[in-house]
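Read through the structures below before going on.
There are two complexes below, and they share chain A, which is joined by chain B in the first and by chain C in the second.
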Partner chain A sequence: MDIGLFTQTALTAVTLGLMYALIAIGLTLIFGVMRIVQYAHGELYMLGAYALYYATTQLGIPYWFSVILSAAALFVVGAVLQVVLFRPLIGKNMLYSLAVSMGLIFIISSGGLLMFGTVVRGIPSPFDGGITMLGALLTYERLTISLISGALIIGLWQFLAHTKMGMSLRAVSEDAEVASLQGVNTKRTHWIAFGLGSALAAIAGCLMGTLLSIVPTMGFGATMKAFMIVIMGGLGSIPGALIGAMILGVIDSFGTTLLNADIAYIIGFSVIFITLVIRPTGLFGQRWDG
Partner chain B sequence: MNEGKLANRGSYFYAMVAAVLVLLAGPVVFGFDNYFLHICITIAFNVMLAVSMWLIWTLGLVSFAHAGFMGIGAYTAALLFLNFGWPLWFTLIAAGIVSGIFALVLAVPLMRTTAVYFFMASWAVGEVIKRIFAHFRNTFGGWDGLFNIRPPVLHLGEYTLNFSSRLNYYYLALAGCLLVVFFVNRIHSCRIGKTYWSIYDNETLAQHVGINTRGNKIAAFAIACAIAGMTGALYAHYHTYINPKSFDIWQSEFVLIYMIVGGLNTIVGPIAGAIVLTVLDELLRPTEYYRVIIFGVIVILSVLLFPGGLEALASRVRKAFGRRRHETPKEGEAK
Partner chain C sequence: MVGKINDRPLLQGISRRRFLTGASVGLAAPALSTLGSKALAQEKEVLIGGAVPLSGPVAYWGISTMQGWVDGAAVINAAGGIKVGNDTYKLKVVSYDTKGTVADSRAATLRLVEQDGAKYVFSQAAASTIGMLQVTEPAEVVSIVACWGYLDQFGKDFPFHFRAEMSDYEQGFAYMPFIQERYGKDALKTACFIGPDDKDGTDCHFSYERLMKYYDVNSKGVEYFNWEDTDFYPIVTKTIQNKPDFIVTSPTPPGITASIVKAARELGFKGPIVSPAASETETILQVAGEQADEVILPVTCVDPVTDYQKQLRERFMQHFGSFNALGGNYSWWVYALAKAFEAAGTVDDTKAVAAALQEVVLEDTYVGKVAWKGEKSFGIKRQAVYDCYTTVVEKGKARLGDVRYPALPDDY
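And now, the complex of A and B:
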């Protein structure tokens, strides 16, 4: 493996890792605050990408404004889903939320196939060109995407650490009953967390959609990655999700380049299995008795 | 959890006998066509999977690797048949043993995890099994799968039974299905079953009473996976063709949905769920593109509107009509 290929693969690993982190952090937020299994997270990521596609190509709205629109739209979708479908399931066995979100996957992904068609589409990127370093090409597109993901993750971290809303989210994920005794409106934190998580997934969908291409069935793959990361890092832990995403990014990028995609999957899942056997609650996880 | 069952065991027994007789005589009396028999065989497989998954559930665990172990069974049967010409009778047993052993070995580290971490770890197991079948092209045929796994022919003196006829395979699948249901029901209603529910209710307490929770979990997991493996062998010889896609995560998830929609407290739940949803899926076939969407809507509605599942339906109806005399003690809803 020469140095150029190595740097290129490493750069891909970082970009992929940051993108995965964005999806996974949304999921871990929902997990941590509500203790429900949101299995249809990837479908919201798909919807986010399609919202961007239609906003830019059909309505002619500028790219960055469309990303914001898509995130806002998916925030609303997430909040509504929480209030209508998931609120009655809080505190029940996780199997129920699992079943409901599986139903959602069926509805959204085949509804997507009907509405958007089976054609693979691409979103025109607002960038071209790039810089060459150590024999690897880093396009401005990837650079911007990585920077945006990084900024969003840091922003979310600051939001959770310092704002009143962020603190109440953390309080609810620590212990919902005690939090509501302290005057935190748990119902509101629930839908806000769900909306925020969905909006993050939508942004990830937008960025990934520009980089790759979009199809209505891409949701489940994203759900799978997000779950792998969240479980590896530990439920409800944002640093865990970040580290898990980086590990998976490295495995996927190097595994696919050096061997093939099936082997990359096998290695990825084996790493998760071994992580869970050594640390049964993930790298930074909280105990979760469902 | 299921005191209500003991109250009128007699009528349950007669209902069971009647149901079995209908299932045995049905195809001959009503003259089922091949399509209908195919649905019945599919239902039998789904019931076997759902019931064995339910056995793991009685310990409070949900496995996403079930289809993977079904795949191990199916591939064992297929390879033994294709390479050595073993008939189904031997591959069935071999499939059960091989997937049981794999499950036993994997369960030892798996049981360190609990709740949601367990089902993610089991997901990893299932996914790795599927990808291994897909990757090793020479042994397992890759994504294309294995072909030509013929159903067996039984020679009984001058009389031969050829199981490539749908009707004969229906009876074979039915026999397998009834045996599995009977076996799991026996486990469930004897002392071991009570031990399992005690682990479900409170694992720490169960440990304090002197129950080997870890050993019980591993044993139950291995038994359930062995059943899944045998279902896989039956599946392989029925479809004569298998590929890794037949055993992916969605297969496990459908089994989970059967269980949740059917109900989690008694063995009637998974059976009812598997039957109703398989039939429903077939009934929705004419709606073409909307089929999956409608299926999804029905799953969501049934979870939100009938939290106890189909098994609680009878007592709900009874309550609605105010016949309180025969009311069974209220089934505890799964926590």
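And now, the complex of A and C:
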């Protein structure tokens, strides 16, 4: 492997990892606070991408403002979903919320096919060009997506560590009952966490939708990746989601380039299995069943 | 001629009212028959069933296929129907959703054949075709489909089964001469293949290898992607390490083609990229923009040129609100079947209709001249071959680059 190919593969691994992380942190945030696996997370990612598509191409709204609008809209959608569908299931068997989120997958993706049609669409990118280093190219588009992903992850981390709302979220994720006794409004915390997780999915959908192309069925693949990452990193752990995403990015990039895409998939799942055998809670997870 | 049934011009001034009247003849016919009119009693109908994906990831293809049949049936009905012996038949098209799965397609076809009594069924894409075939062949029901792979389920052992869309193999005998003329034969000595990691992908790779061998092109690599893949950088990085003169990606839908093209251009690949399955340019241009230059799209006539093509697009826009090249590509099937009914002199004897259908030649369709070929390859003439309208992208815009009938080898 020459230096150019190695650098290109490594750059792809890092950018892929950061993009995966952006999808996964929303999922892990929702689990951490509410103890539910939001399987329809990828569908919100898809809705975010379509919101950007219609805002930019149909309404002519500038790209970055459209991204913000998409995130805000999906924040509201997520909050409403939590209040209407998931709040009544708090404290009940996890299978109930599993059934609801699985149902949401079909409702949102089928609804998407009806509303948006079956045609694959592309979102014009606001970026052009890139920088070359050691014989490898990093486009400004991928660089920007990576920087935004990194900034959002760090921002979320800081938000959880240093703000009152962030501390409330952490308190609820540690023990909702005790947090409630300490005066934390758990209901409010829940819908904010759900909304925030959904907004992050929307931003991921916007950024990756520009990079790739969008179709109403795109959510399932995103959920699969995010779920793999979250399981490997540890359910509810943001550092775990970041590390898990980077590992998967490295496996996908180097595995595909050196071997092939199917073997990369096999390696990815094998690493998850090995991780869970050695550390059943994932890399940074804690026990949720005790 | 496609343009005429019973010597009546078909394509002139069909109003929305007439179109819908024609399309809904099946609903109206039972009510009309109660009037007891002798003239009406002689007007019969032929049921044509669609077992097509109308939802799910491949719905784009399924809906386009169905639209072709509905449009053609309405045109034929509006022109008075099909004259077979002393009877006049109108066409009724009924479609059920296969969701793009084998099991749902089998169920949909069973319903069409067993319950509705359809003797003619159309389908789209591999999974739906395989499910449909489990029902149609044993029941001696004529099937007309778009399906590239699964060649073990095609040919003389499946005498009622017609494949009306050229696969990447047949297309190759049009696009390879075209790109050799465009870029020079010496500039295209090596190629790489990118396709999905399923039977469609491996079948298309098999066709690609045969094609490259025929044209003396050295195949330097093959990469398969997962349908769940979101980023094609790793696959494309590996592909262009082989330094191919051109890349063939098949069967990849427009969105994935766009992602592959964008990644290839960003990573510095400048050669032609041929996509025999994309059949659409809008997404490719949206995603890749000017980076899509020198993308070659066989069987993709996105901008109608002939009067027939323009009229077809107008009807589609009027009645369905949209039009795409695939809808055009599939629009001739119904006319071929109608002509076979007339030639066979029956709509009931499917053996006779199949025998007549294989001899049908259409001169003026959306895809130009159509004939059934493949006798030497498959032991029976069941593969449609037609003019290949190839679109090329230049300076960020798609334009028709070439039209030619595939120069198939003598042993095809």
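Quick notes
Throughout what follows, the second predicted complex is superposed on the first by the 289 of 290 C-alpha atoms of A that agree within 3 Å, B and C clash if a C-alpha of one lies under 4 Å from a C-alpha of the other, contacts with A are read in each partner's own complex, and residues count from 1 in each chain.
In this text, a contact is a pair of C-beta atoms (placed from the backbone, for glycine too) under 8 Å apart; a residue touches a chain by one contact, two chains touch by 3 or more.
All of these numbers come straight from a predicted model, not from anything done at the bench.
In the superposition on chain A, contact of A:Lys225 is made with chain C only, not with chain B.
Shared-chain residue A:Met94: touches chain B; no touch with chain C. In the overlay built on the shared chain, the residue A:Thr7 is in contact with neither chain B nor chain C. Judged by the touch definition given at the top, the superposed model places A:Thr144 against neither chain B nor chain C. In the superposition on chain A, contact is made by A:Asp262 with both chain B and chain C. Of the two partner chains, chain C is the only one that A:Gly122 touches; chain B does not reach it. When the shared chain is aligned, chain C comes close enough to touch A:Met208, but chain B does not.
In the superposition on chain A, A:Ser110 makes contact with both chain B and chain C.
By the touch criterion defined above, A:Thr186 reaches neither chain B nor chain C. For the contact definition in use here, the residues of chain A common to its chain B contact set and its chain C contact set are 110, 113, 260, 262, 265.
By the touch criterion given at the top, residues 55-57, 59-60, 63, 197, 223-231, 233-235, 237-238, 241, 253-256, 258-259, 266-268, 280, 282-289, 324 of chain C touch chain A in their complex. On chain A, the positions that touch chain C within their shared complex are 5, 8-9, 12, 15-16, 19, 110, 113, 118-125, 130, 137, 139, 208, 211-215, 217, 220-222, 224-225, 252-253, 255-258, 260-262, 264-265.
The touching residues of chain A, counted against chain B in their complex, run 37, 85, 88-89, 92-96, 98-100, 102-107, 109-111, 113-114, 227-228, 231, 235, 260, 262-263, 265-266, 269-270, 272-273, 276-277, 280-282, 285, 288-290. On chain B, the positions that touch chain A within their shared complex are 62, 109-110, 112-117, 120-121, 123-125, 127-128, 131-132, 134-135, 253, 256-257, 259-261, 264, 289-293, 295-300, 303-304, 307, 334-335.
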